[in-house]
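Each structure below appears as structure tokens.
Heads up, the next two complexes both have subunit A, just with different partners, subunit B and then subunit C.
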Partner chain A sequence: MKRDNKMTVIFLTPALLSFCLVFLYPTIRTLFMSFFYVRTVTDNLGKWEFVGIGNYIKLFSSPMFRQSLVNIFNIWFWGGIAVFLVALVFSVILTSGYKGKSFYRAAIYLPNVVSAVAMATMWIQYAFSSKYGLFHSVFTFLGLEKAAAFQWTSPDNQFFAMTLAYCFGMVGYYVLIFMAGIEKIPVDYFEAARLEGANLFKQFTKITMPLMRGVIKSSIVMWSVTSIAFFIWSMMFSPLDPDVGTITPMVYMYNLVFGRNLTPTDPRLLNAGAGAAVGVLMTLMIIGVFGLVNFLIRDKKLQY
Partner chain B sequence: MNRKQTLGRLPGYAVLNLWVLFTIVLVGWIVLASLSTTREIFTNTLLQSGLHFDNYIKAIVNHNVGMYFINSMIYTFAASFGIIVISAPASYILARFRFRGNKLIQSLFVGSLGIPQIMIILPLFYLASIMRMTNSRSLLIILYICLNVPFTVFFLLSFFATIPGSFEEAAAIDGCTPIGTFWKIIFPLAQPGIITVGIFNFIVLWNEFFIALIFANTSELRPLAVGLYTMVQSMRYIGDWAGMFAAVIIVFVPTFLLYIFLSKRIIAGVTGGAIKE
Partner chain C sequence: MKKVKMILMSTLVLITALSPAFATGQQEAANSDSVNLVYWSMWNETEPQAMVLKDAIKDFEKMNPGVKIDVQWNGREIRKTLQPALDAGTKIDIWDEDLERIVKTWQSYALSLDDFYGKAYPSTNGKTFTDTVMGSLQTLLRSFSSDGSLYAVPYQPMVVVVFYNKDHFDKAGITSTPRTWDELLQACSKLQAAGYTPITIDDAYIDLPLGMHLNRMYGNPESVEALVKDKTGNLWDAPEVMQTAKDFEALAPFMSPQVATNKWPAGQQEVATDQVSIYLMNGTWLPNEVMGTTGPDFRWGQFPYPAVTGGVNNNGGTYGAQGFQINKNCENPELAFALLAHLTSGKWDKELAAKTYGAPMDTSMPWPSQIEECRPIFESLDSWIPWSGGLAADTDAFPVIKAEYTRLLAGQITADQFVRNVKSALK
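Moving on to the complex of A and B:
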């Protein structure tokens, strides 16, 4: 069919305009802004003051920001390992002929369709509560006094509690993705391996994992993109002030630019340009992970 | 053999059941707590004085949850609709026709899925303030539409690609304009994809938090997620835990119901969107 030029323009323009408006223009402006001292975010270009990489230097000299980087790394790395391992185990189990596959899959995915604010409230106000909480009750019932007395939301433990609750919900998404990946592998491969006497573990390491490379690769990128945007859970665990135990770069930036709880320890940093620098750093991290994953995991185009 | 197999699967079932049971208890307890009094919650004696549906009325009226709910409805429906109106035609053009820049546009859209919101939020706030649009419902709807267009275009590509070109040819012979052909014939044919991505966007927008937190600053404009957050934040002054749990359930129920009825479709959509050839 011949392409109608008028239609092409009419159909494509709104989507392209919206892309330029909320992605292209803001990305470029944020990049520029990160090299300027900008007192408030609503200041126009005329009031910007060039400072070179000054904003970046100031950010890295702030203990709060450095802590937010450590936190986001721990969530990304340790949380990622935990989520991927659990999701792999679940998806291997569920694709090996268990009854009730769709029910389990749907139930494990459920937290992903629920508002994170609601999920976090359930965890903080119920599961982790030291008065009537779920863990408290279960451990008391089991006679594990020490475990029952564990203060989940105390400053020392809240990072662990937050990561645990977050990862619990994230597992479901990767179970879905991994299951779809495994189900695309032809059954004959597993049958042939079984006839040759390969056990489940051998089948997993020799067939499933190598053929899932592409899926794992895109999942790591996906996990990185969502981890960088870690925000709601941190805000829920420290609802009043940003806290060293739970702060992430996005929360740091929010408080720096929009927050009423401006970090009093860093008055030099009250600057929207520094907020822009946080955004640039996070974007660079995503690009870095993307490059690294593409370099480390070679994904040959497989035909089956 | 069969018996051995069943026995071998017991640990697997145990882990799965424990995981699911935890989710059910977590949500179930909140439901019960939302029907108890705050006193009962703290003394671990849920429902002792019967069902307290008035918690919901208190949440809806006293804690503004009713208004937040209506806001969420407005944002979610208007934006979900707008996203499709803009994305479907663009996706159709990109899937159907070869022209210079087609691949570039597609990669720009895919690339934008990796841009964190933190990278774009400051200029958006600047734009909104110089256009004097902060604190308006339309601003939030426009942002929600624009932010979700790339994903939706990308998602719909494969659905438009599979519709045979003979439909357009037949319509052209009958004298239908290309634009008319798209809305009357092609758009309905792509319905499975459009409904799936529509539900998906609905859930994402219903739960959206960051953009709303920044752009809906006054209480009259807040959607449910932000409303619940501010409620939790001020809980130490309000002290109405039962009302808070009722609010949690009010946030929880709409997407949960959608999920119960449409889980197959949603799950197929998630895996279809993430695993592409």
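Moving on to the complex of A and C:
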């Protein structure tokens, strides 16, 4: 077929223009804005005040912003390990020929269908409640008084409670991805290994894992993107003002740009420029993770 | 020929892309013969406030033929969407949100309303609008603005008070509401003896009593702000701070055992379900929020935050309202203000108060029975204290103080530990 360049141009131009308009322009503007003091997002350029890296210095000198970085690292690292381990175990079990695979797969995936707002409300009011909560009832039934009295949503424990609830909802998604990855590996490998006398653990470490490199790699990147933008769960756990245990960079940014929810923020505390700086830092974090993952998990010739 | 084809194709693509813009343009042109006001509302369409406002607006349109009010029900998202829309020149004549927020944030977009306040409207019964609106709210409005003018019309006033269950007080033999901190502790002890859990609060409001207590001690929110912003931690050595901490340490044994874990609305449900007698501090909206649980016959009572030993200002309080603003570029400001007067005084003010079990704006209207004890409290306040009393002035310190205070109130730490922990966290 003859290639018609003009037609390509005609049909690509709107897509390219919209890409530049809705993606490239805001990205560049955000980067640019992070070096200025800008009170509100819609302030025109004339009102912008150049501060160099002042916004970044301000951010790193704020104990709450530093706390938000600690929180997000813990969610990403410990939460990631937990989610990936549980998801791998589930996907290996579900792909090893048990009956009712699709039922279990659907059941594990179900929390992803429910909106995060509903999920968080359910966890806070029905699972963690120290009076009627599921954990309270189950532990009381089992006679474990100390465990039943555990204060899930108190200032000391709410970070743990929030991360647990979040990770619970994320497992199903990765089970689905890992299952698809495992199912793509030819059955012959496993059959041959079994004939040679390899047990399930050996098969997992010597066949499944090495052949899943690509899948794991992209899953880590996806996990990083979603967890670094951690927001809704924090807002559900402390809807009015962020707490030490629930603050994340995204919530910090939201408060800088839009102000707090109940207490009217002193307008002088609003700083969309510093908010943009948080956005830039979050992007850098994701790029950093991406680079690290690419460095640590090299592509091998054979993978699925 | 090819060129013609290309031009035709490009035009087609452009027209397809721009067609929604053309559609809106035509719609606006069709409506140009009537007077249109655009109102961006802070309510969601299904909220009781929105239902009343909708009926009131319909009534206003009936009374003013040819006038059409277009309402956009934004919900609380308006805080984020309003300013970009105003900056982009969107036609918005009226908007509403928290009174303090609108004046402090959007004063430069709003019309000064002093002249309009001086006139009478059909719903004000021959009085001027100024005479209809609570004086304290007008003073507050002027204090929020940079030039002392009135930049908003308040409605749905609210005051922060202590809520209690009258049945529990009766059964525990408490005949008068506590006026001092010691009386509060005595009342709690009587309630406990009668078999009730005396007092509770939620995470969402837990900063209010601490802020109020410190305001009673220091007499003004500025001192509390200085305390929060103190990076040396030295101000926390003051006797006022230790006294405050000791007072709450004494209250801790009476608190609900789940107070540290109370995620809103768990604590207010404790009171609504008859398990706890006092809700330490909340706004006038509390009875409405838990109406689904309590029903309208629950015997609510209210008293002001008690006076504290050694306190210098025991008559201050947190109060406010929602408020409407009119765009300074509005083409029909008289009509817009007439609408606001229609919504916030007379029949519709009464209706809004009744449907939401909230306070009316119009001074001549009765208050719903669930919050009628709030009225004398509101009228007796002699100074205004901001929400959480100035504790929120430093966004870095506030969460730390709140967490330590939660531990103190839950009896997990002592007053000494509270002061020590806060000091070391602020340094």
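By definition in this document, the second predicted complex is superposed on the first by the 275 of 304 C-alpha atoms of A that agree within 3 Å, B and C clash if a C-alpha of one lies under 4 Å from a C-alpha of the other, contacts with A are read in each partner's own complex, and residues count from 1 in each chain.
In the analysis below, a residue touches a chain if its C-beta (ideal position, glycine included) is under 8 Å from a C-beta of that chain, and two chains touch if they have at least 3 such contacts.
On a predicted model such as this, the values are computed, not experimentally measured, just so you know.
In the superposed pair of complexes, A:Arg105 makes contact with subunit B only, with no contact to subunit C. In the superposed pair of complexes, A:Pro242 makes contact with subunit C only, with no contact to subunit B. Within the superposed three-chain model, A:Pro14 lies in touch with subunit B and with subunit C [touch as defined at top]. When the two complexes are overlaid on their common chain A, residue A:Asn255 makes contact with subunit C while staying clear of subunit B. In the superposition on chain A, A:Ile177 makes contact with subunit B only, not with subunit C.
When the shared chain is aligned, subunit B comes close enough to touch A:Val22, but subunit C does not.
In the superposition on chain A, A:Ser154 makes contact with subunit C only, while subunit B stays out of contact range.
Within the superposed three-chain model, A:Lys58 lies out of touch with both subunit B and subunit C [touch as defined at top]. Between subunit B and subunit C, B touches the greater number of residues of subunit A. Counting contacts as defined above, subunit A residues 10-11, 14, 41-42, 44, 125, 131, 239-240, 258 meet subunit B in one complex and subunit C in the other. Interface residues of subunit B, counted against subunit A in their complex, comprise 9, 12-13, 15-16, 19-20, 22-27, 29-30, 33, 41-44, 86-87, 89-90, 92-94, 96-97, 99, 105, 108-109, 112-127, 129-130, 143, 145-147, 149-150, 153, 165, 168-169, 172, 178-179, 182, 203, 206-207, 209-210, 213-214, 224-226, 228-229, 232-233, 241, 244-245, 248, 251-252, 255-256, 258-259, 263-264, 266-267, 270-271, 274-275. Against subunit B, in their complex, subunit A makes its touches with residues 1, 3-4, 7-8, 10-12, 14-16, 18-19, 21-27, 29-30, 33, 41-42, 44, 89-90, 93-94, 98, 102, 104-111, 113-118, 121-123, 125-127, 131-132, 134, 137, 173, 176-177, 179-181, 184, 215, 218-219, 221-222, 225, 228-229, 231-232, 235-236, 239-240, 249-250, 253-254, 257-258, 272, 275-276, 278-280, 282-283, 286-287, 290.
Interface residues of subunit C facing subunit A in the complex, by the touch rule stated above, are 2, 6, 9-10, 13, 17, 76, 79-80, 83-84, 87-88, 98, 100-101, 104-105, 203-204, 207, 257-258, 260-264, 266, 386-388, 392-393, 395-396, 398-400, 402-403, 406-407, 410, 425.
Here subunit A touches subunit C in the complex through residues 6, 10-11, 13-14, 40-42, 44, 62-64, 124-125, 128-131, 151-156, 237-245, 247, 255, 258-264, 266-267, 269, going by the rule given at the top.
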